[in-house]
Amino acid sequence: MAYRAAIVGGSGYTGAELLRLLAAHPEIEVVHVTADSNAGARVAELYPSLVAAYPDLVFHPFDAADLDGLDLAFLALPHGQSQRHAGALLGRVAHLVDIGADFRLPAASYEQWYGEAHRAPELIGRFAFGLPELFRDDVLSRAHVANPGCYPTAASLALAPLLAAGLVEPAGLIVDAVSGVSGRGRGLSAPSLYSEANENVSAYGLLTHRHTAEMELALGRLSPAGQAQVLFTPHLVPMTRGILATCHARPAAGGEAARLGTDGLLAHYRQFYAGEPFVAVLDQPPATKATAGSNAVHVTVRYDARTGTVLAIAAEDNLVKGASGQALQNANLLLGLPETLGLPTVGLVP
Amino acid sequence: MAYRAAIVGGSGYTGAELLRLLAAHPEIEVVHVTADSNAGARVAELYPSLVAAYPDLVFHPFDAADLDGLDLAFLALPHGQSQRHAGALLGRVAHLVDIGADFRLPAASYEQWYGEAHRAPELIGRFAFGLPELFRDDVLSRAHVANPGCYPTAASLALAPLLAAGLVEPAGLIVDAVSGVSGRGRGLSAPSLYSEANENVSAYGLLTHRHTAEMELALGRLSPAGQAQVLFTPHLVPMTRGILATCHARPAAGGEAARLGTDGLLAHYRQFYAGEPFVAVLDQPPATKATAGSNAVHVTVRYDARTGTVLAIAAEDNLVKGASGQALQNANLLLGLPETLGLPTVGLVP
Amino acid sequence: MAYRAAIVGGSGYTGAELLRLLAAHPEIEVVHVTADSNAGARVAELYPSLVAAYPDLVFHPFDAADLDGLDLAFLALPHGQSQRHAGALLGRVAHLVDIGADFRLPAASYEQWYGEAHRAPELIGRFAFGLPELFRDDVLSRAHVANPGCYPTAASLALAPLLAAGLVEPAGLIVDAVSGVSGRGRGLSAPSLYSEANENVSAYGLLTHRHTAEMELALGRLSPAGQAQVLFTPHLVPMTRGILATCHARPAAGGEAARLGTDGLLAHYRQFYAGEPFVAVLDQPPATKATAGSNAVHVTVRYDARTGTVLAIAAEDNLVKGASGQALQNANLLLGLPETLGLPTVGLVP
Amino acid sequence: MAYRAAIVGGSGYTGAELLRLLAAHPEIEVVHVTADSNAGARVAELYPSLVAAYPDLVFHPFDAADLDGLDLAFLALPHGQSQRHAGALLGRVAHLVDIGADFRLPAASYEQWYGEAHRAPELIGRFAFGLPELFRDDVLSRAHVANPGCYPTAASLALAPLLAAGLVEPAGLIVDAVSGVSGRGRGLSAPSLYSEANENVSAYGLLTHRHTAEMELALGRLSPAGQAQVLFTPHLVPMTRGILATCHARPAAGGEAARLGTDGLLAHYRQFYAGEPFVAVLDQPPATKATAGSNAVHVTVRYDARTGTVLAIAAEDNLVKGASGQALQNANLLLGLPETLGLPTVGLVP
């Protein structure tokens, strides 16, 4: 294979998902994987699903020197860890793709939403916000990528065609989204228990979920106004994978959205996403399951003449397009490979 | 027992749920249960869960004459059936509680949302809209009840304290709600299959779900403006029971909602629902599972100063407070019994 | 109410289930509940499902003196804790019902299966093995009860009529059982995570699960041979509640089982369990869901002439008949109350 | 691509799964897909998961002439349909892989278990029983394959190393297996409804499930005795995909199994399956989820000295190794392609 890669923090769900996807990638070989808490264990012991692809791979404790000279490293670390290690890694590894939240926001915005100063603000500018369908040029012009969050990926792709064309007000955006429990990661906590999450739906992080900042950043960059304002309410639902973002926007003055109506908006979406291999614009409401295990995003849009509201909905697999799949999509771009290499677009149904 | 009751359409989920609840009711005895498609079958054959309570009860084909002289009949029929039979039943049974949608809306509104003329418009006025927490006097002043839909019950109880106090604009209300699959009933259809619904979330009935009309009716009656406008988007989630309604409203002019803030709004909700045995106002986001199998509704509210939006959330069991439990609550009122008789308030957790 | 009770270890699932059931019990009042790890927290904070029944109840740290003079204490503690505290409690509380495993087995058997000496072997004889359908006299003749495990309750009730009548060999019994995830309790561990347990079935505890000893104890006591031998394989399945035990036995010499055939065996089971309010013998295969939330056990039996094997199957809710419901059934017996008081027999379906 | 294939009966779950797998197969192109009940519909309409791979493919009504000259046809038809059409297809298509049950059993056995005479008994011998790990030579020596059932694949691979080496008695085999609901197909029936299957486990097909015959056929062919006898009890569990077969066998006289013990049996299994790309022998109990979406089978084995029993367990995805994946594995063999082409071995975890 052409490229040698490491996964830093490989024992969590996004790490395991990278291992799953890379097992089928023809040009990137995983030569090193770290996991401090599981150091010494075989990957296949923790994830028997991977036994056929990685019979002998072992988790190592993190040591930046072990990554010397690699083409690529994926950082799949808990919040706050990437900003500790990025400095040491930037000189050793050609390309970093950080799946965590550390390099997505400008330093001031980071401090506002995360309640603490960023430890390496001078490095933030070296990472592109890796949502290729919206900011591909950005990814292609930098060496490193900050992979967007799972919710912002879905919500931004749902609303982007509206904001970019000035069809809706950039303020007053409402995003109600649901996520499968894998979005909480493999850490142990009561709400992640089967007996708590099963047969249960609840909202969480009311008014203050940190992904709000990424949605406002991404949508603001697209909007003619240069900014956007989102009220985001996430919900936990009893499934393992999947995000559905149901988004509401008020038409911009001028009445263009009303003139287009649902059919016109669907046509606009199809044009906006023409040629995008991972985005499908559907007439019918998208379903998370249709994207399971794949890097696909399914989107639809409606204009409600009765209440004068635009409704846009996106579905994705939170661990693939919402995390590790998009990370690989970005890695393909950074390495000059075909963007779709090794990335399934067909969901596991039923 | 003091009262003799029938269940018309007893083989579906709302019928079975009535049988479950009435098995523990000290004053109402089920003496007759009909189910055209399962006529002749033993109840315990179709629902082994009921074998201890109804070892010998058998489903009969519907014949109005069989109900002569009963104190009470619950109608748990598919849409459109109650309006066919109500005329024949009104003279024979002292009290009807219709769990279906046939007598909830004024005739004109019915025709608008259901796309067909009502067959018995002259009878609609004899049925109270049975949401006791909001319209108890109405129930007490009539002999019959139209039990509200599952979604309208949750959404109306979430938003009622805001509308009733004029704290929010009655237009521009946005309700995103999720429901467990039992809300689709026991009928056979592909989206109700386990393999389709499991590990899947999707929206449905975009812009046109009929429960919108009930929400606008209930909230409009409470609002000083006399009307309300709702954009309602329902979602199917992989659980059997439960509805969560996440509702957004814009503060009314005058700034009272902003002055109250979240703490003031929570206090207002507690006052509004003081003494209501089935409504609990929680500080934390409500979870559907906490209400499973019970007639409880859990509610919370927030004021988001950043975006100037009020967020209100309600959780319920769609088959209990959203259907058969509320029907029994209404029956208790109609019969002059304690409103809580036979109705659990504790959810099945975990 | 007539009796005052405490729950020791009330923040786990069996404790919470006791609180749920006792909320509807007319003669037993919960006056004290302990939970070392959650001491100081309100019950309703941890379990919002209980807010209507216990709005102000608070978890206390365990102190035996707090239970002085109570009629009853339920011990819902992790393995090994009851034997530490039982001595201090026996003098203060009239009746103990231990939901844990500490007083179920003779000391030697305990040591064999648990790999450690029992701390209070002299107290074991004061506890009846509380499976009322099989050993009711035992419960009535003692002051305290060791509540059987969830799997042994199901498997023993499935096989008891065969062993008691000498219809099958007491050796070579094979029990394959599945349990919902709540059987693992509320403790944090990776296999209890939603994302691990969902869409997954696996066996565990191969050859060595401790509940084997209880099955052999209960069935051995019933068997003319005075002993029984079981190979028990438990499985974890993706549901919250429920146990299904599928049991295989070889007919005893003499051919009585073959002569009876399936119809004769079903008749024998009906006679064996005649008058038992919580056991239903079904023609059709029992389903766990039909027992959800109730104290019911559903049982069926078959004779397979082709292979010469008897197949017996039982379903129950592991948290009710498999734990807290049976504990309350035993408490009713100890207090001289009707055995069924406060115990639902109707399952939550759908 | 090198080969042109059709899928006959492509709108059910095994048909859709073939489409999913073939979308990633480099040498087989799907040029025709039939579905009488959905004729005229676009594949992507029924299965939005497939929209990126088959944007324009349309279901056609079945007409044998449409398949003239194809290299390969997969038959994914309801029971009894393949034997009607096979005659017409054998002359037109080079290779048939029948996923249904029509050509798996000898005519007499078919009649015994299916209760009706076979319509084309003279064709049965032209189909190999397509379990490559056990009967690869058979597949390679014939032009057509009868793909084994989902349960027989798991149970046979679990027990084969024991039978083939004469380590266990060929009679008295007990197989308790659980299956996800997708095993029931996409047809509409009450037990397949989400609200019925969720939070529920029950056994079904007691004593008479037709897959018993396939297990006895496969294991009998391996056994020195030339026959085997199985009591098979299938269970439905609340998950979409996955089969776990828990199998019990009595050691053969001579005591070889006891001498080997668990470690020796595991070593024997590893040797037996050495070089098999889809079988992994694990020390730990296999989990269905580890195989989800892949063609892998995970197996383990134990010797229980206490009861003198051998326990063998296998996990698989019922739609892949249990149906469409194995069909593709067989097709690869028939076409002379690498056996693993297009077949994932890594499961979708979490």
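Just so it is clear, A, B, C and D label the chains in written order, and each chain counts residues from 1 on its own.
Following the convention adopted for this analysis, contacts are C-beta pairs under 8 Å (C-beta built on N, C-alpha and C of every residue); 3 or more make two chains touch, one makes a residue touch a chain.
Keep in mind it's a predicted model, so treat the numbers as computed, not measured.
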Result of counting contacting C-beta pairs for C-D and B-C, higher pair: C-D
Reference chain C; chain at largest CA-centroid distance: A
Gap in Å, rounded to a whole number, between the CA centres of chain D and chain B: 45
Distance from chain D to chain C - Cα centre to Cα centre, in angstrom: 38
Two or more partner chains touched - positions in chain A: 13, 180, 182, 186, 195-196, 198-199, 238-241, 286-287, 289, 292, 350
Parts of chain B lying in touch with chain C, wherever the complex brings them together: 13, 16, 20, 23-24, 47-53, 182, 186, 198-199, 240-241, 277-278, 280, 282, 284, 286-287, 289-294, 296, 298, 319, 344-350
Sites on chain B touched by chain A in the complex: 171-172, 174, 176, 178, 180, 195-196, 198-204, 206-207, 229-231, 233, 235, 237-242, 244, 246, 248, 285-289, 292, 302, 304, 306-307, 309, 311, 313, 315, 350
List of chain D residues in touch with chain B within their complex: 13, 180-182, 184, 186, 188-190, 192-199, 238-240
